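Here's the structure we're looking at; comments come further down.
Labels run A, B, C and D following the written order; every chain starts at residue 1.
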Amino acid sequence: MRKLMKYMMLLMILIPFIVMIIWSVTSSWPWPQLIPRNFSLRGYFYAIHPTTKAFSILLKSIFLSVVVTLITLIISIPAARAIAFYDFKGKSLVKVLILMPVIVPMLSVAMGIHLTFTKLGLANTHLGVILIHVVPGIPYGVKILLSIFELNGDKVEAQARVLGASSLQTFRYITLPLIMPGMVIAGSMIYIISFSQYFITFLIGGGRVVTYAMFLFPFVQSGDRTMASALSVIFILSIALVVYLSEKSVGFFYQKSSKYYV
Amino acid sequence: MRKLMKYMMLLMILIPFIVMIIWSVTSSWPWPQLIPRNFSLRGYFYAIHPTTKAFSILLKSIFLSVVVTLITLIISIPAARAIAFYDFKGKSLVKVLILMPVIVPMLSVAMGIHLTFTKLGLANTHLGVILIHVVPGIPYGVKILLSIFELNGDKVEAQARVLGASSLQTFRYITLPLIMPGMVIAGSMIYIISFSQYFITFLIGGGRVVTYAMFLFPFVQSGDRTMASALSVIFILSIALVVYLSEKSVGFFYQKSSKYYV
Amino acid sequence: MSKIRINRLSKAYDGNQVIHNIDMEVEEGELVVLLGPSGSGKTTLLHGIAGLVHMDQGSIYFDEECIDQVPIEKRNAVLVDQSLLLFPHMTLNQNIGFGLKMRGMSKKHIDEKVKALVALLELGGHENKRPNEISGGQMQRVAIARALAIEPRVLLLDEPFSKLDIVLRKNMQKFVRGLQKKLGITMIMVTHDKEEALSMADKVAVLLDGTIQQFDTPDKVYERPASRAVADFFGMRNYIEGYVENGQLVTELGVFRTHHKEGLKLTYVFRPEEIYIDHEAFEGALGVIINRTYLGDKITYEIACKEQIIYHITLQHKALKPGDTVKVNFDFKNAVYFETASDNKEKLTC
Amino acid sequence: MSKIRINRLSKAYDGNQVIHNIDMEVEEGELVVLLGPSGSGKTTLLHGIAGLVHMDQGSIYFDEECIDQVPIEKRNAVLVDQSLLLFPHMTLNQNIGFGLKMRGMSKKHIDEKVKALVALLELGGHENKRPNEISGGQMQRVAIARALAIEPRVLLLDEPFSKLDIVLRKNMQKFVRGLQKKLGITMIMVTHDKEEALSMADKVAVLLDGTIQQFDTPDKVYERPASRAVADFFGMRNYIEGYVENGQLVTELGVFRTHHKEGLKLTYVFRPEEIYIDHEAFEGALGVIINRTYLGDKITYEIACKEQIIYHITLQHKALKPGDTVKVNFDFKNAVYFETASDNKEKLTC
């Protein structure tokens, strides 16, 4: 009974994705066929064909979202650390406000800021798109790193100071390695959020900055299920690949650093 | 120096929202005015005027998202509990898969499932919209409740059993009250996600099910900043109100139950 | 309150035998302490009685009624854990009355019973507080009151005092023992604290590596350990080996009269307080003090005596210091000893 | 290694005076233990010396050089905390060498020093393990090795053994004390464990409510408490009040010879092991045993004696049991006493 429930729940969650994967290799799938009979790799061919630019847009999107992730993390570290370890007036207010970008429709925010960006020459530029992508990422970055800082506490850092490490040395040799696992999780979330943005990219980029999510969108609008599903599968795989590589490289960096030292 | 940095960061996060609030009461705001000179409450009047249906759409949206939240929570509780306390093969895989709806573009998922919904008579219905809204909420519900279950452990529940409570009594008097704070957080997230959905609502609802997010969208597309901002402010306030009320009512329920008991 | 009988109980986790063929009987109204180091299977045994862990083999009887198939909530065997597990969202009154409410008792009956327990456990004035508003000692008493409310057939305590500071711990030990005697509660308590076990128990079961090595009254267990393992566990460190030759016991420390039969090999055990040292005595083995540790109410000495180090504890503040030569005397006549079998396995013979 | 001098140190948190006007001197190579209950300000004082907490008033001198303005990382006063705070992402070698690396020492020099410390602290074979791969006792030794690596001017230990089990704790106490003596380390250790303090310290500073109540050698502190508060802290419970009349000390338990001056009111303190009880003695105050607790290596008795309860500890297994009548004898001549001032404030006069 309990087992049955478990598998049913799992199926409920998985069915939409299985359907998507099947659609991505299907040319037609009329009801009530349980499994389609006509297969086609049209979607995937389109994605790798050079004339469609799909591949180069994918690469550019990945690069852009990586930059967004790095900037967001750099802002999040001191913010999270300050909230975790310093008592100041309005601390609980700050904790709530930091979540604003999750609650507020990003589209309205982007609209509000669009004019300012235009005047500053940031509209229709990659830099502008990167800056607007940072906004929805911040709450995730700060929240996750905050919980890591609160979990670790600052006693290990104090111990490093007692042993003679300066603030900078403490950050480099103690703080950074200790929050690294949290950085990978936060970074993955921020990357996914940035990579998935469609409307704010369109608004601030003015159609000149084309990301993979924007490339994918027309196929969804036109109702081309095979194309949309195939491109979505590639979308997911590229995210999985980037997250996997970032985890591996952090692991590699660790091992290297531990061999180097002493 | 440290203080300066803190305030700058806070400002960076807040500026977009402040800009949005100012826009909502502004008729024109030409560069380089720091503060606009022409104010207008056009946006807010529109929202409360009976002919626009804005208010009734808002109420319907709130009701729909509340139903989505309840269904999602009911699915999430046993799923989170099973993952927290039972060891089974592929547990770590399930933990990853449960996050799928975060990673995968919901739009492609909705497209894939649209045809099935059509055949089942769920397309263009409120029930269909509710069901599709549950999908992106599940990972948040399960993740948050999972961490609460892992934090609480199952020893308190075992203690209730030892004292003579049946499984059902244990759930009602121990498990449910203990996870209630997590339920409020998870419920808030799920509600916000459901309330903010535009595209999947449009796709599955076929334009017949009109939510507040859909009502808001045309103003964003047409570039009417004042209207879009004003409706967005109402959007945010309605979310804040619902979250606040749910927290209060849980608090009230507790107090009432504790007075009732013994 | 019931008599508990445990019959050949065994449990393994992942092929690791945690408890092995355990037999035990606890009389009605008796306090039995399961004493052993961590990992000896104490908690598993307790959880087995409560029904929280399913045993691989063996049976448990309450008043000669087998309860192996009785579900947790019907066993009436209440466990009080070291983490207490009070219900944080309920007041003390609600916590104490929980078990009765679950049994569907009337509000009036619950109120009366809770009131009596609040008085008994000296919790008056805190009835409507939550667990996080009271002290550690009070939380302890709430956990016990909550357990007693349902009139359990046996009360199971798992290291209940280990999180309290030493003064509070002593007070709670005394309080709980008093309560147990007064109400005639059948109680099984788990601890790794030897003093706690010896001072509270009617009987002590020494649990080592999943088996009960000795099950007897506190003084018997401490003064007459049944095996070298039990002696080791109680911190005995003075072992003297010898053999019987020409009617005499020959040891490294000298030759003593004996009634043992010729050729026997023996290991004698002396508790540190059983040894007599004096720097002016005529008799005894010659030793040199190599270490003296001042502990306030007692002083410990380490004495190099032939090839061995002898440990001695005394309350008397004699002016002995490291380097002093002393005579060490042993009372072989009343000492515990184990036969040293030729295959080096010790057997109890005393 | 340095001499430490603390001069009129004070610190308050939120208006709550945690330490108050503390003076203390620690000689080079000395081990001083700060002993007190939790909340007595021990840890705050230690953190003040390390530079982790800024003091409100007073100064700290290392070798008569004021270090109040010296930042944490330049003080060379290393703290070893009960949670050890090993760096989880580094191997043992890297942990031990951390302080040296931060000082920019050459790899060769670091390697040599780490190797020597690994040998000294008996950590061989674990050099490339991470902290989570070793035992609690080993972690303890790594924390100490890491501290010793930078040759600190003073080593500060904050309840370093409180998380170890009793056997390991005893071993580590002995090991650390041996190391401290061998290397001549100036060491300040904080503990709430009286036995640990008495057995390890050169001098004990009894810290109660933020002030040092007594600062002396272990035997003096235990046997000659400077105030009733110190006596209470060490668990003395036998207080006998009396007054001098006609050249005799008059107490509830009888009249004794005395050399004190007429009219003085006195409170005598007797440690439980300083009292002599016997059921066949001719002399002494009559008492009835009301409780007997068996603790293995010792037995405690509570004796109702006139209006008072007298506590007695003995190693001897006399066959006394609750209900027995005994004679209780006190040695007033050698006992500690406090003058009971007319305003009920005790003063030290012994």
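Here, contacts are C-beta pairs under 8 Å (C-beta built on N, C-alpha and C of every residue); 3 or more make two chains touch, one makes a residue touch a chain.
Everything numeric in this text was worked out from a predicted model, so none of it was measured.
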| item | value |
| --- | --- |
| Intersection of contact partners for chain A and chain C | B, D |
| Inter-centroid spacing, chain B versus chain A (mean Cα positions, whole Å) | 20 |
| Chain centre separation in whole Å, for chain C relative to chain B (CA means) | 55 |
| Overlap residues in chain A, where contacts from two or more other chains coincide | none |
| Residues of chain C engaged with two or more neighbouring chains | none |
| Arrangement of touching chains [line / ring / star / complete / other] | ring |
| All pairs of touching chains, each written as two labels joined by a dash | A-B, A-D, B-C, C-D |
| Of chain A, residues touching chain B in the complex | 2, 5-6, 9-10, 12-17, 19-20, 22-23, 29, 31-32, 75, 78-79, 82, 88, 94, 97-98, 100-105, 107-113, 115-116, 118-119, 135, 138, 192, 196, 199, 213, 216, 220, 223, 225, 228-229, 231-232, 235-236, 239-240 |
| Chain A to chain D touching residues, read off their complex | 155-156, 158-166, 169, 173-174, 177-178, 254, 258, 261-262 |
| In the complex with chain A, residue positions of chain D that touch it | 50-52, 72-79, 81, 83, 85, 87-91, 93-94, 97-99, 101-103, 107, 110-111, 114, 146-147, 150 |
| Complex contact set, residues of chain D against chain C | 38, 165, 192, 194-195, 198-199, 218-219, 222-223, 234, 271-273, 293-298, 313-315, 317 |
